[in-house]
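The structures come next, written out as structure tokens.
What follows is a pair of complexes built around chain A, which joins chain B in one and chain C in the other.
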Partner chain A sequence: MDISLFAQILVWGLYAGCIYILLAIGLNLIFGVMKVVNFAHGELLMLGAYAAFWLYAYSRLNPYLVLPLAMLLIALLGLSMERLGFRPIMGTGKLNEIFLSLGFMYLFQNLVAYLWSTNSRSVRSPYSSISIPLGAIKLPLDYLIIIIITVVFLIAFQLFMKQTNLGRAMRATSQNREAAALMGVNVERMDMLSFALGSALAASAGGLWLISGQLVDPYVGAIPAIKAFAVIIIGGLGSIPGAIIAGLTLGIAENLVPLLMRFFMELFGISMSFTAWKDTIAFFILIIVLVLRPTGIFGEQGE
Partner chain B sequence: MKQERISIKGWIGICSLILALLIPFLVRINTYILTVLIIMFVFIIYASAWNLLTVSGQGSLGHAAFFGIGGYVSAIVANSLGLPLGATILLGGLFAAVIGLFIGFTCIRLREWFLAMVTFGFAVIAHTITAELSWITGGWDGIPAKKLISVTIPNYLLYEYYVMLVLTVAVLSIFYLILKSKMGLALEAIRENELEAKVMGINVAKYKLTAFAISAYFTGVAGALQIHHFGYITPEIYGVDISFWPIIYCISGGLFTIEGPILGTIFITFLDASLKSFGFTYERLILIGLILILEVIFLPRGLVSLPAKIKSWLKVS
Partner chain C sequence: MRYTTLVSVLVIASLLLAGCVEHPEEPEVGSGELKIGVVASLTGSASATGTDMWQSAVLAAEEINAKGGVVVNGVPMTITLVQGDDESSPKAGVEAVTKLITEDKVDLLVGGFSSGVTSADSVVAAEHKVPFIITGASSPVLTHRTDIDTSYFFHHCPTTDDYGERTTIFVNEIIKPEIYARFNFPEDRPLRMALLYQDSAYGIGVHDATTKTIETYNLNIEIVAAEKFKMGETDYRTPLTVIKATEPDVIYPVAFLNEQTLIVTQGRKDVGLDSIYLSVECNDDPDYYTGVERWGEYSIQESRFGPYAIPAGPIESAVETFRDDFTARWGAPPSMMGASTYEGVYIAAEAVKNAGTVDKAAVRDALAEIEMSQMVEAMQGGVITFTQDYRESKFDLYMQQLFWDDSVGETRPKIVWPNSVKETDFVLPDWYEPGST
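Showing the complex of A and B:
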């Protein structure tokens, strides 16, 4: 067990964490403004990846360049989901909202399977063979680009929320919907905007996921969605800094824990791989956090 | 007035039971139709079990986990110990109920969103764990399961049909008694307003946990019945669509009622089977997803509420 292995895990964790953060922040935004958890958020990631794939396949541009267009397309889709689906049932109970988002999930999965078959898709990034030597480890250039893009998005998002009138109106809506409406904020427009922004962020996560060499099929959204749920529960519903810390922690933990488990089992002379268990870690963290604190670690008030 | 309406419902129930008993003689016996009907009975049990949990306000998105656990436990015990299927199916349900209690312990303090996330995650995780424990579960390939009624018996599907019919009626009677009992009222009170229910002296935690255990139990039984009908089990039993089916059945029929899940299951099963016979694959799943979305928006009380709705439309116009 040497130090470079841990550094390598740190790099993987940072990269995976970025994807989870992008996904979780969108979920958090929608929850903050509308008090709705969109269970089809993982499907927006999947659709974002498909949009990036087809735009790349037709244009043959650098895959990073088609990302903004893919985000725009999915933002429009999210906007229509809000307008046609969630708005008519606002206030009729949380169960209805849960079932509606489940309906969207099922619809999107099967629609994609119908249109483009269930074959896995992948894109080869032009930088896939380049990696930057960092001491004993190698940092793939794609990972670096993804980390930079995520940081840029986070800063832009934060600036938008804090510095612009629109962002302030959104924050006002999420703090107190009635009061914001009385102050002249068009809260329904804020709902649409939050869905569009959240969907665009999910699409960016999907696009980056695809470009970094992951395989994408119509059912790929469920696992990242659970991880994003874990991230927002650990980080507290509605908390952006919480989501960033929790996302990075989850990204690192799910790469580190299987390795530690392997070393632990080797102490008893059993050699066994735990990499397939990676995806279960988010769920166990989720359960443990919810048992200890039903409102999440950074969450102040439970919803 | 109220007495009369109950008796109308009662007559419909009796007529449909007689119809169910006679169906194999009315239509030409066809393996395909019988299989569809047998699976429909399994899903009526499954949807009703899911509905019971929802009556208490706990909407689970991962009931496939209990469905699959019941199936796997029953198949594994039957294969390794050679117990009769009657015992292993009950054992599968029991195991699912124990797991359900554990999940319930985590969930009872949670609000709807968290509960939905935990149950949704649990089904995906159950999928991974089952696939990884390949020395017991056969991994991705799955394991064979014994048939409910031996294939060597002539007309075995017909026997199976009646076994399933009897089981379904028995389970539905249990759900009917539960929903009409003090417990059913308590669960509805908890769903409408948990705090008020608590103030009225209802032991919220106890009732929510009991609902979780009963629901998981019958879901496990339904899962075991299904895999003993098909004769094999693979981790696909944990798929999102298996979690999705009881939800679409209950919503299209009518949530929180005893007849809703039955009606919804029959309606969607026939829709699904007829679309399938026209050769549609993903189209029918897309259509069913659309039906769920439209029904949540326009008919949230399901088909059961349709007569009252039509009546009110007629009055207006």
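Showing the complex of A and C:
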């Protein structure tokens, strides 16, 4: 196998993994603290991308600069979802939470289609034509920036969770809600914070996805959301390190495995394309992990 | 209870908004009524195209009704259109067509976008023996299949066989000589073509048509890569990187609009695959020119109706009139699926008029015998008629190349082939890199 081909595809996998990680961590945070599975999380990615698009369209600023504001807007939206939607139904049964999140999913899709049509939107990064040569491969500058931003977000997130009182309170709520409440933690505030933070991370995934050259339309959140669910199940429900490792694994595997399968088949004289098998590979990994370790790589019994 | 109220409000709001997305007004119902079911993706991923098809059908119906409707045995009938939203999915398509036939009692069907969806919902039309003029789905399988009775299906849309063949011949006749002349390639060197196609009836159809054309015409073209992708895919960097490693001279993506935009953008911007990108006709759409930006410059499109280029000749003024009327009615220009759906309603009206009845078998027979002058899309022989074997109408397809237009800040197409409608010569860009020598 040509090593430069391998390395280049590894870079594409790394980029995909970054988007999955940002989306999955937000999903995992909400699940960890509130034990709510938010099926509308992909729509928060979509809305984050739209927020970045409109902020960029009106300001004409560097799209990376509008990203924090887009994240803030979607964080406020997440806060509203928690207050007006999930808060009233907490503890009334998982089915209610599932249908509520599905309701949000369709509501956001149709609202966006109604307001801004189903036409695709895109932004142009000022760095879109710049590539950095790394040996035999070329790394587009935007991808390097996205990888760096993801790493910065992850470090900031870890510091927040480990070094601040709020972060410790969120972790305590995640580990044992009743005990945390008895120790004086305002668990409802932790719910709000986790939803806002999770939504902001989804918005960052959407914004970066858009800046990397992707097109956004009202239905674009569905596939990344499914991948994010796969990531948190593989990594272990509620586990942040699990989401990071699983996100990277999934991103790299779904890009690299088709290539390896192709080379393997060529050994037997069979020429075949496996690039359409990306989703199959992702869910094959999911099945293997569930069979070998039903709680996921970093999941705990009873999660 | 509070949460029950909230969930109810959310569900009702979702349904209301779903209803708000696309419900243009319908023409008024007359006394004698010809009910045409328009099968289109009014919601879901293909809703931009589906909406355009519906709007084109409405325009055609309004024009016909304004001229007195469809006169059948001296009695005027008003066309009433009924929406059948396939929601861009086979399951919803089956439900929509079932409703159109069993509840709305339509006399015939027009529309159908996406071969996968139409392949599923046309089964219902076959079971009920309802004439179906298919104007948006391109797989020839729709009228070739033998597991159902397809004798009521009439394909008014170029098939994947048509444009796969036309594009491959263009590559051989026009692109190949330019590349070989610039790089002094020997004539016996095969042109290296890479295919990146959607894993669907549409993509596989073009792939097969391309390989079949190479064989049939004994062309010196080698398929050096054939990579598939799943419909709706957004990340093409890996297959494009694999394709780049095979050193192709031209790349033929077989993709829908959003897919094609990303393939060309990611191919040139991220992967550095500076080649000639070919494209299937459904991408001749304003959104494509906006989305692909400068990366689409010098790429090639096969087309039959587009928002910008108009082939010179007998249909030129009809195209302009249709485009102006559509824009005045709906605020934006029509797409090619809209054009064939617009013609589809006229074909339906003409068939009913010729049949002298709305009896479905008689309408089918009238469709089989129809001969109408071409309207807004150039037809072979200048006539809309259906082949005897598979009931396909035959279009005069042309190839166009995209050139940057500073005045609009986007690329714009110019027709480069065939010579009868050519606006300018094909240009091989300076940055073009051929495959291996």
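Observations
Please note the rule applied: the second predicted complex is superposed on the first by the 285 of 303 C-alpha atoms of A that agree within 3 Å, B and C clash if a C-alpha of one lies under 4 Å from a C-alpha of the other, contacts with A are read in each partner's own complex, and residues count from 1 in each chain.
By our rule, contacts are C-beta pairs under 8 Å (C-beta built on N, C-alpha and C of every residue); 3 or more make two chains touch, one makes a residue touch a chain.
On a predicted model such as this, the values are computed, not experimentally measured, just so you know.
Partners chain B and chain C, brought together by superposition on chain A, clash.
By the touch criterion defined above, A:A52 reaches neither chain B nor chain C. Of the two partner chains, chain C is the only one that A:T275 touches; chain B does not reach it. Residue contacts after overlaying the shared chain place A:G213 against chain C, while chain B stays out of touching range. Within the superposed three-chain model, A:I244 lies out of touch with both chain B and chain C [touch as defined at top].
In the superposed model, A:I226 lies in contact with chain B only, and not with chain C.
By the document's definition of touching, both partners, chain B and chain C, reach A:G103. Of the two partner chains placed by the overlay, only chain C lies in contact with A:L5; chain B stays clear of it. Look at A:V291: by the touch rule set out above, it reaches chain B but stays clear of chain C. By the touch criterion defined above, A:S129 lies against chain C but remains apart from chain B after alignment on the C-alpha atoms of chain A. Once the complexes are superposed on chain A, the part of chain C occupying the same space as chain B corresponds, among 26-34, 98-106, 278-286 or 296-304, to 98-106. Within chain A, the residues touched by chain B in the first complex and by chain C in the second are 85, 88-89, 92, 96, 99-100, 103-104, 106-107, 110-111, 113-114, 219, 223, 276, 279. Put simply, chain A touches chain C in their complex at residues 2, 5, 8-9, 12-13, 15-16, 84-85, 88-89, 92, 96, 99-100, 103-104, 106-107, 110-111, 113-114, 117-120, 122, 124, 128-129, 131, 138, 140, 143, 213-215, 217, 219-220, 223, 255, 258-259, 262, 273, 275-276, 278-279.
Interface residues of chain A, counted against chain B in their complex, comprise 37, 39, 85, 88-89, 92, 94-96, 98-100, 102-107, 109-111, 113-114, 219, 222-223, 226, 229-230, 233, 276-277, 279-280, 282-283, 286-287, 290-291, 294, 302-303. Contact residues on chain C toward chain A in their complex (touch as defined above): 2-3, 6-7, 10-11, 13-14, 17-18, 20-21, 43-45, 47-48, 51, 199, 226-230, 232-235, 237-239, 241-242, 245, 257-258, 261-262, 265-266, 269-272, 287, 291, 293.
Those residues of chain B lying in contact with chain A across their complex are 54, 57, 59, 61, 105-106, 109-114, 116-118, 120-122, 124-125, 128-129, 131-132, 240-241, 244, 247-248, 251, 255, 281-283, 285-286, 288-290, 292-293, 296-297, 300.
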